[in-house]
Amino acid sequence: MSKKAENKEGFFRSLLRQQIFIPLAALLILAVFNLIMDPGFFRINLGPNSAGNMVLSGYLITILDYGSELAILAIGMTLVTAASGGQDISVGAAMAIAGSVVLRVLCGTNSRPDTLQAPIIVAFLISCVAAMLFGAFNGILVAYFKIQPMVATLILFTAGRSIAAWINNNELPIISDPVFGYFGNFIPGIPVPTPFFIAVACMIVIFLVLKFTNLGLYTQAVGINADSSRLNGLNPAFIKFITFVILGLCVAVAGFIKVSRLSSINYSVIAKDIEMDAILAVALGGNALGGGKFNMPASILGAYVIQFLTTTLYKFNVQSDALPAYKAVVVIILVVLSAPSVREYLGRIGKKYAGTRKEAA
Amino acid sequence: MKEKSILEMRNITKTFPGVKALQGVDFTLCAGEIHALMGENGAGKSTLIKVLTGVYGKDGGEIYLKGIDGAVTIRSPQEAQKLGISTVYQEITLCPNLSVAENMYIGRGEGQLQNWKKMNRDADQILRSLDVPAQATQQLGSCSLAVQQMVAIARAVDMDCKVLILDEPTSSLDEQEVAKLFGLMRDLKARGVGIIFVTHFLDQVYEVCDKITVLRDGQLVGEYEIKDLPRVKLVSKMLGKELDDMSDIRSEEKEYEVKEGEVPVYEAEGLQSNSGIRPFNFYIKKGEVNGFTGLLGSGRSECVRAIFGADHVVSGSVKMKGKPVKITKPIDAMKNGIAYLPEDRKRDGIIGDLSVRDNIILALQVLKGFFKPFTRAEANKFADEYIKLLEIKTASADTPIKSLSGGNQQKVILARWLLTHPEYLILDEPTRGIDVGTKVDIQKLVLKLASEGMSVTFISSETDEMLRTCSRLVVMRDGKMVGELTGDQLTQSGIMNAIAGGEADE
Amino acid sequence: MKKRVLAAALALVMAGAMTMVPMSAKAEEGELIKVGIINNDPNESGYRTANDKDLQAMFNEENGYDASFAYSLKNDEQINAAQKFIQDDVDYLLLSAADTAGWDSVLQDAQDAGIHVILFDRTIDADESLYDASIVSDMAKEGETAVEWLKGQGLDEYKVIHIQGVMGSAAQQGRTGALTAAVEENDNWSLVTEQTAEWNAEKAQQIVQSVIDSGESFNVIYAENDDMAKGAVAALDKANISHGVGKDVIVMGFDCNKWALEELLAQNWNYDGQCNPFQASYINDIIQKLEAGEELEQKTIIMEEVGFDATTITQEDVDKYGI
């Protein structure tokens, strides 16, 4: 075997060991599948939209657009998973609340206002506060009352949509101001969907936070060994708590995009089942759902891979009520592959394979 | 087999990868006898018990039971039970949600539906006959721990057990409960049951036991009648130092100089935590190395945990260099220049999945603050510096700490705390489970640090290690600080007399 | 032992709470007609909200009723509520069942107790003799009306995106039936895609987005409710596909939400079919007849429902029919 080939193999093997390999591989499989079935999947057009702006369109743009909420949620969910070793299943319900708060502030008491009752930024900030409070509620249950995250967040999961409906007195407000729609669609003059920009902004923020604070180190340390972290001067409960608050902020941003898309809300179905997709994104990113080490870019990529899958399924006209079944298959594969016994087995096979190849050489 | 014995274990050998856990150990138990099995950690007590109860298979040797011709093979705890060998563990292994009677009859292998009334009646009868204060229909979880333990014993008795193993049964009981348990043990003894009693409480051994078998480093030290073995001798046998050849081995390595009349670096008065230790007073001066000594479970670790704020501190006042400070959680202690290397490295020390680098910088990073992370270059510099200084064997600073050997993990934790440049360093069993070379390295390092003015508290199960490093030893027994050894008292025999207590004081 | 006592106490409290619900709305006895109303959760949809409001406005003391309301989306909870109402000896039991099955025995009990049962909005699988009247929308007719209207548009080719409601629901089946028949009958009708969005606007948006991305052409969006039509339109807007009166794509919705009718008024949508949630006046008529001892002419009363065309709708229509 030549030296070059060996190097290549070394590179490939180190890539294999990288966490981001998992979502990358999934992305590759989906991309190849689409390429074979219909290369038109990758077509991107530039054309004017109804408001007369030049905008990009095509399946790939759709993925970037609709995957944004999920990517933003995945950021918070990754942190919660890392620190608490569990997941928040109330994000969909919390998004309904955040969206409901936005509309409530913008509409005041009139559900069909001709003019906005408050600046959009004010509504957004208030919804951030509200969502962070609900995140704090979950965080307190998990961190201080030591309830399992899934059980603790079950409360808000159950009650959240009713709370969202109550915030607007069961009315279904509709915002007519086109500016409000910019955040979920296009800003005039910019050909890329706004949600993607918002998601990128969130990614930059979390990147900076992880670089310029110890959030990453602390959450991982607490998730891996809370006892030990405490003896190193950390406050594990507070760190778990704070990850839930951060997730609350992510929920507010994602909820804002969601209500902006349609300029209205339907409490019972908005962001339905999105918690499962967000958790799946974390898992697809190769992060252990039991907490500990995490890889943020992998989670975010995982979110877009899931949207890639969803969009692909829509393209092939899979009944949308069957989508969860397909995602379940992905979950099963992931879970099985990450089980220690399977990994060990694969490791043995890999070694055997490498051995025979060496012999052959 | 001897006439009176009901159990004989001959020449038992058991090897784990890299460790000879048992090397040709003999053990004999007679009917109607309470037999203490003694030894420090790693002596092989629990391995012997597990071989006897079928948890581990043995590599060599034979086990004989009364009434059975030839050696028996015990492949599982169920088999052991069938042969009349029952074990009651420190942690209750019954089901607290079920009733007392259900617990007594569950999983006994009858396999058919129970007659509930009969079951309750039978259970009540046994409980009464053993004088256990519990009702058959009572939920087990509502009984005290002692009663739960007694129920476990009653269950064993009802299964016709001839050999009853009690593995640290008293560690979570208070004095009255212990007395009750002892009553039950004596009762069983009178019925001809042979009891193997594993404990680290010397007082209790001398209260109920007839014989003692001592193990050390997987080898049999000897079997003794209780009346022939005074406490101090027992301790010396456990620790492996015969009184006769205990010379004063205080080394000349001590170079530090403690100035008289100086204000202590750390001083505590009436300090008490919720971990079961009595309030204690303690101080340490600049450049001093002191130690806490005592048997396992004597409270030495609990004391230093209280100092560091690792356990919940309930009372007491603390001064650092004469100034009153409040230390209620680890971060308080760290800010006051205290560092603590915990006893249980795996549970309290390492952050397994994180890299060696992250593990080294963690404490200093926490001290520096949330918003001031070290740059990659700084972290690498620290890591490389200490990997070199302590000769940590690791593939790279990126390697997860969990893939390092025990000794190297310990060095990483040590590096973590040295990096914070503490004024007062607490080392709880820093040398446990690591090779001899590293042990000496750590001892030397401690002395070097002290000579540079650091105060160090050094805890070790190995007395010679303490003697080599400490100038003052605080003696702990049963959660109490019972004395202090300095100067000429610092000898093996002095230490043993002090930690054995009881008759040794006379 | 303690736990058992606690469990028993909890059970008692729960039983108490259950009896409390229907009783809490109980007013003073008098000539008031006692009705027990079992409905679906008003949060379920705009339709349901309007329906509940309509009932609340009719069945109150001002109109001579002593009404108790019970809400649930679950059949067994609804059946429990019905049993409670029977025990409370109501005069009329008004029921919008969550599920069609499982009502026989409880309705038999009601009949034995001399309680009149009136079904509204939804039918059930039970013998006709078990209830006095049933007031329903004819979903199939809603679909037929809409498809007839669509035929009348006289397009050369009908390329339809069909967005369905939750599969198996009465509304979905009724509204799908007519379209499916039309597509089979006419050669110039075809379905570009037929997908369920489960009444969900977001899903409808993604479905239409997917068709747009694929580059297939279409000129009709037949959405089985207003929410989904709204989602579809959001996707059209994004891709600059014009819709509404005289534009590229015909948009059709159902339910006559007020905001949807406003879209018609602005000619952004083309058609909206009514699904009449205002059953209270029909029920009131029946009760008054029964109280007066009159016979009912028919058991099943189908409500009048209309469809609106964007070119003819007026502000009055919006105010009158919008929910």
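As written, the chain order gives the labels A, B and C, with residue 1 at the start of each chain.
To be clear about the criterion, a contact is a pair of C-beta atoms (placed from the backbone, for glycine too) under 8 Å apart; a residue touches a chain by one contact, two chains touch by 3 or more.
For clarity, every value in this text was computed on a predicted model and none was experimentally measured.
Visitor: Considering only mean CA positions as chain centres, point out the chain farthest from subunit A.
Guide: Greatest centre separation from subunit A goes to chain B.
Visitor: Please list the single chain whose C-alpha centre lies closest to the global protein C-alpha centre.
Guide: If one averages C-alpha positions chain by chain, the most central is A.
Visitor: Quick one: report the Å distance separating subunit A from subunit C, using the average Cα coordinate of each chain.
Guide: Computed from C-alpha means, the inter-chain centre distance equals 34 Å.
Visitor: Using mean CA coordinates as chain centres, what's the gap between subunit A and subunit B in Å?
Guide: That gives a centre separation of 46 Å.
Visitor: Distance from the CA centroid of subunit B to that of subunit C, rounded to the nearest Å?
Guide: Comparing mean C-alpha positions, subunit C is 70 Å from subunit B.
Visitor: Give every residue of subunit A touching subunit C within the complex, in rising order.
Guide: For this pair, the touching residues of subunit A are 40, 43, 47-52, 55, 57-59, 62, 66, 112, 161-162, 165, 170, 172, 174, 185-186, 193, 258, 261-262, 264, 266-272, 310-311, 314-315, 317, 319-321.
Visitor: Write out the stretch or stretches of subunit B touching subunit A in their complex.
Guide: Listed in rising order, the residues are 308, 310, 329-331, 334, 340, 342, 347-354, 358, 362-363, 365-367, 369-371, 373, 416.
Visitor: Report the residues of subunit A in contact with subunit B in the complex, numbered from low to high.
Guide: Residues 211-215, 217-218, 220-221, 224-225, 227-235, 292-293.
Visitor: Could you pull out which subunit C residues touch subunit A in their complex?
Guide: 42-46, 49, 166-167, 193, 195-203, 205-207, 209-210, 212-215, 227, 230-231, 234, 236-242, 257-259
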